[in-house]
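Next up: some structures, all given as structure tokens.
First chain A sits with chain B, and in the next complex the same chain sits with chain C.
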Partner chain A sequence: MDKMPEQFEFPWQHSFPPFFTLQPHSETRARQISVWRALILDYFRFAKTCTLDIREASHHPLFNNASINRKLDNEFILAALSDLQRTQNAAPVDKQRHRWEIYWHTLEEWGNLIYNYVTNRGATGSVLTLFELTQGEDVQDEEFCGLETDVLVKALRVLEGEGKCEVITSDDLEGVKFF
Partner chain B sequence: MGIIFGKRKHASRVTEQDKAVLQLKQQRDKLKQYQKKIELALAKDRELAKQLLTEGKKDRAKLLLRKKRYQEQLLERTDGQLENLERMTHDLEFAQVEVQVINGLKQGNEALKKVNDLLKLEDVERILEETREGVEKQEEINALLSGGLTEEDEEAVEAELHDIIEHSLPNVPEGLLPVRESESEEESLPDVPTTPVKEKMKSKVRERVALEA
Partner chain C sequence: MDRIEYASPILLPNESYLAKDRNVRLYDGDQKTSFEGGELILTTHRLMWGRPGAIPLGQVCLTMHLHLVVFVEEDSPNAFSFSRSRKIILHLKEAPPDRNEGPQPSSIYNFIKLSFREGLNSDIVGLLNDCMQKRRWEWGQSQPNVSTKPSLPNIKLRTGIAGIERGIQEKQKQTDENISLAFKDLSKLMSMAKDMVGLSQNISTKIREKQGDITEDETVRFKLYLLSLGIDDPVTRDAYKSDNQYYRSLAKQIADILITPITEAGGIMALTDVFCRVNRARGLELLSPEDLLNACRLMESLDLPLKMYKFDSGVIVLQLVSMSNESIAESTADMLNEKGSLSSEELARLLGISVLLAKERLLTTERFGKSCRDDSSEGLRFYPNLLLSKE
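This part shows the complex of A and B:
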């Protein structure tokens, strides 16, 4: 996740020093947070990654713009992430809220994307491995191609709650059956 | 139907066959990953061999190529195995579909049997018998009723019938008339007068004139 995708274009705010300081005025701050929200989601969507460790975030090109010598402090990042969590676009993985998962699609949206794909292929009623759902040759053009397994399983659990699939994790079997 | 355990309550819909299919698919995934690994190694070896050749280390390059060739053979073999796995997977899935079809047929059969049980043969016979009895009874009643009427009403019926026939009699000849006319015409055609008769008549007149003159 540390590798910076070359093509990602940061918005103008990213080169604007005050953008990296939490603004005191509440209205301005809300605006600032909302831009950061969008930026974080865009960036992770572009990089196709989901995980972020706040402790390493100061080295992250997203939160550290060396060209203007500004970086976001951890508190600010936490504030932005908490705001994302409010809309289910992020979730802390550990209790210390250090490691986070960023969902540029919410888990529910991921679930629907996957379920649509499965029904379009007529694969309901059959079992699929987690590997072929995210790495298989058939999913190369799908948005969830390369999705991290942890996130995939969480999205599938949402579907499972709706009775649309059943996740299989027993006897070193890892797969999912769709209905 | 506990509320607390409601979520976990419904039985798993994953069958043993599903697990077997999954096992096969997982095996396939592993083979694919293995292939990827070998393919990457092959590309790397090729580059390395090239480099060794430029450095003049022909023997080492050859060794490397030999290793590469062996790995290529492995790759081909895994392709065959992959095919086997895929076929097995499809066979299993198809067998499951077949089981579903059989189950569907079985259910249909049972339903048909139940419906047939409702229609017992004796019942059908009994119902038909009862219907026939009903019909016979109805006929008897009809006979009785019409029989009771005959004494007086039969005469009235006859009378009415005659009445109708009489009233409609004059009409009958009208329809037949033209036919008779044509027949009588033919029969009553006057004989064609012969010429001698005319001459006689003429001569008679002349005679009369002559007499008068």
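This part shows the complex of A and C:
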């Protein structure tokens, strides 16, 4: 999952050593954090992964640029993730805030994307398995193709809260019915 | 009291006068005597007491030889006594059998007191102790008396409180001598300093005349150092009635002598350097750090070309008035752009300023958002603030 996708093109800041030091000047820091936010979201969108463990992050190519020998320390990563959490673009999975899920679309956006797809296909009222939604042949062109199941379920729960679907879970089958 | 003899106040051979006190009363032990309000004279050999005016006229007075004195102490003032007078107690040896006639043939006391109605000439105890140690009265005597000298340590080795007190007094005396010796050297140095300043001025004028001949860097630098030496007429505190006036003139003089070096040093000089330069230039009449600080505080209100500035880190500097934080940030940012990135050490080397000041410059630049830092295991470096300036 942490495999570096070779095509991902880092912005110029990633090779700029001060980018890896939290800047004391407030305006500079705000800009720095916002670049990091965008970079993290872009990277995870590109890698199509959602999970990140801070304890392993110092080896992560995103946070560790070996070519200039600079890496983010964990506090900085935590600060960036907390900033993402503020806009619901990330959420800690455990209480120690070690493991995180990154949402390059917020859960609400994911829900809407999926709901729009289902309504466009006229599939409201029918039951779809979670596998179909993320791995099925019909969804290969959709953005949520390959989305991790944990994140998918959370997005569907948001939709469920809006009364747009119902998640059905039984031992051998996980599905969702859209209204 | 029975040790005291009648004698004429004529000095013996080798004897010399040491000190005199007026209005002194004698006590036989704790008993007051009728000998009061007289003059007391201490010589190297004896104590003399006479009615006022009697001694200068050479009339007979009371004397006591100092070799009878065993120990001198100052009487601690009695808590119930209202008198202002100070007393010293002289503990005495047994009266020698072959003495001359005295005012009192016998006494039950082994000590006498001297009461100084007009306060104590503070030296008298010290002088007495001094005399008892030197034992001048033995000097002129024949050789066999040398053998009495070893008896001296016996006295020194006296145990008990008396011995301890004696030891303390000796130590104090030693310290006293050391200090006066040290100051003697210092005053010699001060008198030399004037000559040295003169000499250095001489050299600098000569160098100035021969300016054309000198090309090598080091000679030029040496010349600069010499030229910065010497203020003809240093402002001193004595010349002014109030501190404020003094600080004002001082501020003006400091500004005068430092304006060139500070301009050359890039517009800023740390106050420690200022302190050194000013005092080196003064040569003597050195300034205290407080005076310098007070003078520098006034600079801004006096419209001088220099002002004092305190960085957030607490570093205090003198800088050109024309030098603002903005211009510092501007020029440092230019250097950063030129070099790509700089540590404080590198900037210090480039500008020929101290590392401390270089760091302050970089931090100021950062505060203006014109640089950003890279704090890594390799140390703190500063870069042009591309994070803000470049999309």
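Quick note on the criterion: the second predicted complex is superposed on the first by the 177 of 179 C-alpha atoms of A that agree within 3 Å, B and C clash if a C-alpha of one lies under 4 Å from a C-alpha of the other, contacts with A are read in each partner's own complex, and residues count from 1 in each chain.
Note that in this section a residue touches a chain if its C-beta (ideal position, glycine included) is under 8 Å from a C-beta of that chain, and two chains touch if they have at least 3 such contacts.
Given the structure is predicted, the values throughout are model-derived calculations rather than measurements.
Undergrad: Overlay done on chain A, so just call it for chain B and chain C: clash or fit.
TA: Fit: chain B and chain C sit side by side once superposed on chain A.
Undergrad: Consider the C-alpha centres of chain B and chain C from the C-alpha centre of chain A, and write down the angle between them to the nearest 10 degrees.
TA: Superposed on A, the angle at chain A reads 150 degrees.
Undergrad: For A:128, decide between first (touching chain B), second (touching chain C), both and neither.
TA: After superposition on chain A, A:128 lies in contact with chain B alone.
Undergrad: Touching A:12, do we find chain B (first), chain C (second), both, or neither?
TA: Second partner only.
Undergrad: So, A:108: does it touch chain B (first), chain C (second), both, or neither?
TA: So A:108 meets neither chain B nor chain C here.
Undergrad: Taking the superposition on A as described, I'd like to know which of chain B and chain C A:175 touches: first, second, both or neither.
TA: first
Undergrad: Between chain B and chain C, whom does A:166 touch in the aligned arrangement: first, second, both, or neither?
TA: Touch status of A:166: first partner only.
Undergrad: Once both structures are overlaid on their shared chain, how near does any Cα of chain B get to a Cα of chain C? Whole angstrom is fine.
TA: 46
Undergrad: Please report the chain A residues shared by its interface with chain B and its interface with chain C.
TA: Comparing the two interfaces on chain A, one with chain B and one with chain C, no residues are shared.
Undergrad: Could you list, by residue number, the parts of chain A that touch chain C in their complex?
TA: 12-13, 16-21, 23-25, 27-28, 31-32, 35, 69-70
Undergrad: For the complex, give me every residue of chain B touching chain A.
TA: It is residues 12-14, 18-19, 21-23, 25-26, 29, 33, 93 of chain B that touch chain A.
Undergrad: List the residues on chain A that touch chain B in their complex, please.
TA: 126-129, 131-132, 135-136, 166, 168, 171, 173-175, 177, 179
Undergrad: Could you pull out which chain C residues touch chain A in their complex?
TA: Residues 341, 366-367, 369, 372-376, 378, 381-383, 385-388, 390 of chain C touch chain A in their complex.
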